[in-house]
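Shared between the two complexes below is chain A, which pairs with chain B and chain C, respectively.
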Partner chain A sequence: MYSVLQDSVDPALLVLDATLVMGCAGIPGLFLKRPGPGQAVAALCTTLAALVGIATALKLLFSGTTASCSLAWNLPFGSCELAIDPLSALFLIPVFLVTAAGSLFAVGYWPAVRNRRSEPGLTFFYGILGASMALVLLARNTLFFMMVWEVMALSAYFLIVTEHEREEVRRAGIIYLLATHCGTALLLLFFSLLAARTGSFLLPATGSLSALTPLAPVMAVAALIGFGAKAGLMPLHFWLPPAHANAPSHVSALMSGVMLKMGIYGILRSASFFYDIPLLWGTLLTIVGLTSALLGIAFALAQRDLKRLLACSSIENIGIITIGTGVALVGAASQSTELVYLGAAGALLHVLNHSLFKPLLFLGSGVIIHATGTRDMNLMGGLGKTMPRIGGLFLVGTVAICGIPPLNGFVSEFLLYLGFFSQIQGDKLIYLMGAAPLLALVGGLAVLTFTKLYSSVFLGTPRSLWSGHRGGELPMGVPMALFALLCLLIGVVPQTALSLVSSAVTALFPRLPLSPLAVEYGAILEKLSLAGVLLLTIVLVITLLWRWRLGREPVTAAPTWGCGYQRGTSRMQYGATSFSELAVSIGNGVLGQRIGRPLLTGLFPERSECSDLPSETLLDRIIAPFLQAVGIAFAFLRRLQNGLMHIYVLYIFATLFILMLWAH
Partner chain B sequence: MITLADQLLVLVLLINFIALGTGRLIFAIRAVAVQGVILGILPGMIHSFSWHLVGITVVIIIVKGFVIPHLLGRAVRSAEIKREVEPFLGYVPTLLLGAIFTAFAFGFSGSLPMVPEHQNYMFVPASIATLMTGFLVLTTRRKAIFQVIGYLILENGIFIFGLLLAGAMPVMVEAGALLDLLVGTFVMGIVINQISREFSSLDTSLLTSLKEE
Partner chain C sequence: MMNCLIHITLALVMPPLLLGVIGKTKAAFAGRVGAPFLQSYYDIFRLLRKGTVFSSTTSWVFRAGPVVALATTAVAALLVPFGAHPSPISFNGDMILYAYLFALGRFFTMAAALDTGSSFEGMGAAREATFSCLAEPTLFFALITLSRLSSSTNLTGMLSNVSGGAWLYAGASLLLLVGGMFIVLLSENCRIPFDDPNTHLELTMIHEVMVLDHSGPAFALIQYGASMKLFVLGAFFVQLALPFATGNPLADWGVFICSMLLLAIVIGTVESVMARLRLVRVPQLLVAAIILAAFSTLLVIR
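== the complex of A and B ==
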């Protein structure tokens, strides 16, 4: 009975309905006077919608089919087609999952009772952001795509400026708006060229265009910049750290875990239009990805603000995904099926993985900030003793993001390494081997970064007195536990995740015979799965043994031996800044970490301060001066807006008059 | 019939010049009221009898001829001003511009591709000329009440254009347009009161102080 019912409902409509429910979830809260019920209703609606959406997306993925429907609209831009092919379905999973988990998290993290003023708007725009991202994935009409893309960009802006009383938050919002609109401008160019090429406003079918026409490189660059600005690829990443740091944590989780992936989706989707992509495009994408990954993690290492660190590490992960995409395109250009499969599968699996462990970490950072009232890691410490469960869940996230087995981050990076090494016998693409050590360097720096994060936040003793809140740990802990469980699950049974991703890869490259490869690498990952289970068992056994031994003998707590110094304080620990100081100093020319050291003289120096200021090299040295120059150059335009109503009417009159003369 | 309608339209054009040439507020309000009444009569001149038409005529005459002038008159009395003292552009230049625009309107509408039965009327040129007069008043006068008058003249111009279609226009659209106008005037009345209270003057150019720096 159930299956009959399920088969009779169009999956596209089902997803559309779920999206609608998610988008409207925040509306009741806008009209309720009493704080609380609106938020609960939103969380409930979003969760239910997500269950339906994820189930439908999974079904479509496993069956490898495409569902489509058409919206009735009266705009003169062709029909408004919506479709869910396996690629869209794969990206839909994180959209629904992270949105629902975040709305549940918000109940504990941003309780309506304590934030009466900001909560209704936050809940409303949160739902809108989730729904608009789902629609971006469904849209097959370029105009509709641009519309929902803008809704997504603007709702994210309103979420970022939730705490707009603070100057810093408003600045982050403006920088974000600037970046996203520059991207939109180029997307408009891209879609106009596309419409001129195909003669319709519908997105072209997979592999229907040639990439060798003279305008194709312009289109590629426009798409790369337009979608890359949203994804946070390296020269366009500057909006990412301030925006993620200043938004509420569940919003950062949604933006980092899902919204950045919309840029990746755009890049993949636009690449799929062309059937003969030249080698150069793939190489360029790989280089951009390598730069983003390496510099992103290096910037992350230099941060002392917990959420900025996580945001910079998002740049790194987006870089890794881009490397995979680039490798796949290189493979497609050089007829290497293996490279195509490994690159694309690695990239797509990393999309899925990053949308599990990054939200886990951002939600965890929310709990930490909730408890300590600060984002500065130099002031934290010892949280592992007061909140051991959150600490454990956070640890799962850090291990996963470093790409350490048996967690999911390892699997996708493993596929990428396999891709690089698959060219070891080839003669053309041997240079791809060079990417392997770079990726390894990225992994090593990631381990350093997250060791710094975990040790300075959870280990040691508290470095300052905190002004945070307690409570709400259950609704905050449950979504985190869900993400941690999924991270572990993908790590332990990677072959299932690979089969999910494989159908999306096939949808991207329908001309290539990829199914034998899917079977082959599925078998390899099965062996990996065995190793993972073994490793997990060993870890469990050791942990149990250790706890058993601890339980047998009495444990005494005593201060660390301070070499006989009697006045030790808790600030005398290795802090976040000191932990990474040496590593950062190597790359300080680019990173620009400014540590202000006091000059100590004499036997009894005066009281003095040491400061660590994060700097944004690109934003401060290039973009801000450039914009200042633009502002001066266009100052004359401000005179048009002179506040005189008569002059405004005159503008209308003049326009009308010119139009009449023109039509004449 | 045709000549009578055209003569009334000439009257409308003359009233435009009165509105452009006078600085006395009450006089301008009355002129626009007369213009509204004439516009109310006009539909009856060109279309055959129907109750729908009677309804339009009555409502338009009541709203444009009596309700709106009454509202504006009250605003003038409560603000205690009588004249537009120093317009952005003097009366003589405005009148000259009005004449130029009226001539332009006739020239422009001569070249429009129109249905044969509309070609002999003066509706289109009168409509465009009135529209431009409205714009002129809006851009050259300083006092908020003159802004409302300009807005009314502008609306009258649009209305003349709509007359050509009165037979085909559903009641809802007309009712909507009229309600729009009424509410517009009402809101402007409130705004005028607020401006005069806040700035103790009705000079809209003082609104620049609301502009962000």
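== the complex of A and C ==
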């Protein structure tokens, strides 16, 4: 079908149509009385739209061309240009992929029959979120960009508060709304300054502005805060753990896998406007990235809530992506093409990778929560025996996110390390090498965190009786299997993924001669891929040898050896909190995990409790009190908010009247 | 080609001998005769001929643990140069693969331990995970120093550059590095003063307690894998500390074998004269190793 289309249809229009189909996929469900068909139609439409969208994006990426079109509108803000350059195309792939996979997953996870009230709205806003993110990537008019940006932010809000009966969910929603609107306010400032500078509402072309004007730093800071709040960079990450934890799992997958990346896209896009970015910007970005990565994974380590842990690890991954971005800008400022290429390619590849393994893990967490009825890892265990397939798929995601070979997470970190090591001979940028041991520490902590996650959920024996239910595992398992397969694929043939990313890097830095580097590092990744294949082969050989030995000698099953103790119970296993307790106690100054220890006295102590609560230092100590103070200071404004419709209409009339007076 | 074959043969055959030498050294310090040099080989072959007991709480993850741990170490053995000879597989950035391969092995070993549902093994896994986290930065500081000294970004280039000459002009830095890396070598291989590979049951155990439930051929794989890990990390360390090269390929193999045996004797000596550290001291020593390595990096980039 595609080969017929490719010559006759404009790719930009094709993507636009796919986006519209995706956005409208939830509408039929709103009007259908019977639960079920609406959701199935939405899943089908979204999948078809995604197939078209991904095929078009891949074609544009491999050819390295830009497709554009223009929408007709009557607003006095210039023409509404849309364009897909390789950078947009690269980000479009996760948008379509994760949205489609999530909508398939929803059929098993949030079945309309069991959730008659919430399902239509959820499906509707899910499609809107996916479509608005695709439009953010297409938009080249700042006003249109802000409009779809807001649609994205608000649809995500409605998705987060799907279970608004719960107090905790409403609070998460409000915190999210607050963070995203603070970000939007700064974006408004950024785009206003941009419009004042260029005299047009269109986004400036790549490398068309100078960064050495007095207002440029203000623009940079506004963009960093505005987009950084969406991406969840430290210290603007505070909305992220509660929002991801309380949304339905496929929504968390979409938000973490894709929506955070819109912030990264914004940072990259705004950086591309300038051709002479000073060294300071890149350095600052690298430092912010390192802080996010290190603190993000440290906070993840202390969590006991499955989805909060995953959310905190998103902060870490966004940090890693930001490190790559910062390194690339540092390279651009110091004329080191190698650094530019490795930093940008590492960052962009990590964007792609994170949008594969994080949705895999979030979808997996949905299945787990379904089966156990809880998010507390201390109450789980032994799921690997009851659902071995899900356990296997989840393991792939776990190894990938730890960034260890032979899966995809390793490849992007490998490129970043190569970037750090490439500057070791010089004298100017030698300080960059300090990032390598820090990234290694992040990697070590990630292994610790995800061993904790995987083992406390899937290994050992169940730690409590569960109130969950089984079923719907096929529609839930298929999207997970797709993600796991892609993780493995990128891990084993990383050179193909690199060539995909390379054209986006070239689009970001068109002035630099990057193509010889793409060939050079493609060859290195080929060697890496050979090493990965070798590893898998050796694993296979040892397994076969071992099976051969096992077959010749008796194999018996017995209970785990309790070192002589006969009355071990499943509650005595090392749980999630106990596993990370030693590591957390070393870094407790930062983490502030409060473990309430029981006071045991006498030979036969009374029954007592031990509690564990990871604290949200920034949110609880600084932001919440600040907001309370603001609330008190502006209490008088509440009189304006009286809930009477006709008064609000009066406000609108008065505003318009004043504006008219001002204009004339 | 010949060197490549010798490399693989040595990596496959020699590792258990190191354990024998360490055992003999300790016996000599204690005034005993000690087990024969080849005792580890006997142990491994005996275990391979035994039946297996699997805990009824375990799944396939438990069985994957020893296999993956051994396989990752085997690949790492192909990445590291032995003595003055280059490694069979070498490409720019292979040192990062080298470091991360151990993380993969560790992940599966810990998962296998936690799959048994035993609190002892969980405790061991938690400690292993925490301590290895702290060992990671040391290795990377070492790699940075070596990369800076040798202008190379692969293990063969980095390590073959370390020679008597390098010791002359960057002696202080290399000395600090040797200190830091020796600490990491001991802690990653669970030797005294971090861990005692000879006992299982005391509460300070780290690695040995993780493999309590493995038996028969699986345990043989673990023992063999552990000795190979000592060999692979030892080869890295030996090239750093004793960078002798004669120029004659065969003589260089001899030098390498002697250096490895010397390393085993040194480890045996340390184990004989030191007691195991208290658990709270272990992170402090590992942080000290990081700082030593960081100092060495500072010295070469100043």
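Quick note on the criterion: the second predicted complex is superposed on the first by the 605 of 664 C-alpha atoms of A that agree within 3 Å, B and C clash if a C-alpha of one lies under 4 Å from a C-alpha of the other, contacts with A are read in each partner's own complex, and residues count from 1 in each chain.
We adopt the following convention: a contact is a pair of C-beta atoms (placed from the backbone, for glycine too) under 8 Å apart; a residue touches a chain by one contact, two chains touch by 3 or more.
Since we're looking at a predicted model, the values are computed, not measured.
Look at A:Leu30: by the touch rule set out above, it reaches neither chain B nor chain C. Once the two complexes are overlaid on the shared chain, A:Ala196 sits clear of chain B and of chain C alike. Within the superposed three-chain model, A:Glu581 lies in touch with chain C and out of touch with chain B [touch as defined at top]. Shared-chain residue A:Leu613: touches no atom of chain B or chain C. Shared-chain residue A:Leu215: touches no atom of chain B or chain C. Contacts of A:Leu659 after superposition on the shared chain: neither chain B nor chain C is touched. Contacts of A:Gly643 after superposition on the shared chain: chain B is touched, whereas chain C is not. Once chain A of one complex is fitted onto chain A of the other, the partner contacts of A:Leu71 are absent, as it touches neither chain B nor chain C. For chain A in complex with chain B, the touching residues are 641-647, 649-650, 652-653, 656, 660, 664. Within the complex formed with chain A, the residues of chain C that make contact are 48-61, 66-68, 70-72, 74-75, 78-79, 89, 91-94, 96-97, 99-101, 103-104, 106-107, 110-111, 114-123, 125-127, 129-130, 132-137, 139-141, 143-144, 147-148, 151, 153, 201, 212-213, 216-218, 221, 283, 290, 294, 297, 301.
Those residues of chain A whose C-beta lies close enough to touch chain C in the complex are 381-382, 384-385, 388, 391, 395, 399, 402-405, 410, 413-414, 417-418, 421-422, 424-425, 430, 433, 436-438, 440-441, 443-445, 447-448, 450-452, 454-456, 458-461, 524, 527-528, 530-531, 534-535, 538-539, 542-543, 546, 549-550, 553-563, 568, 570, 572-574, 578-583, 586. Those residues of chain B that touch chain A in the complex are listed here as 88, 108, 111, 132, 135, 138-142, 147, 204-205, 207-211.
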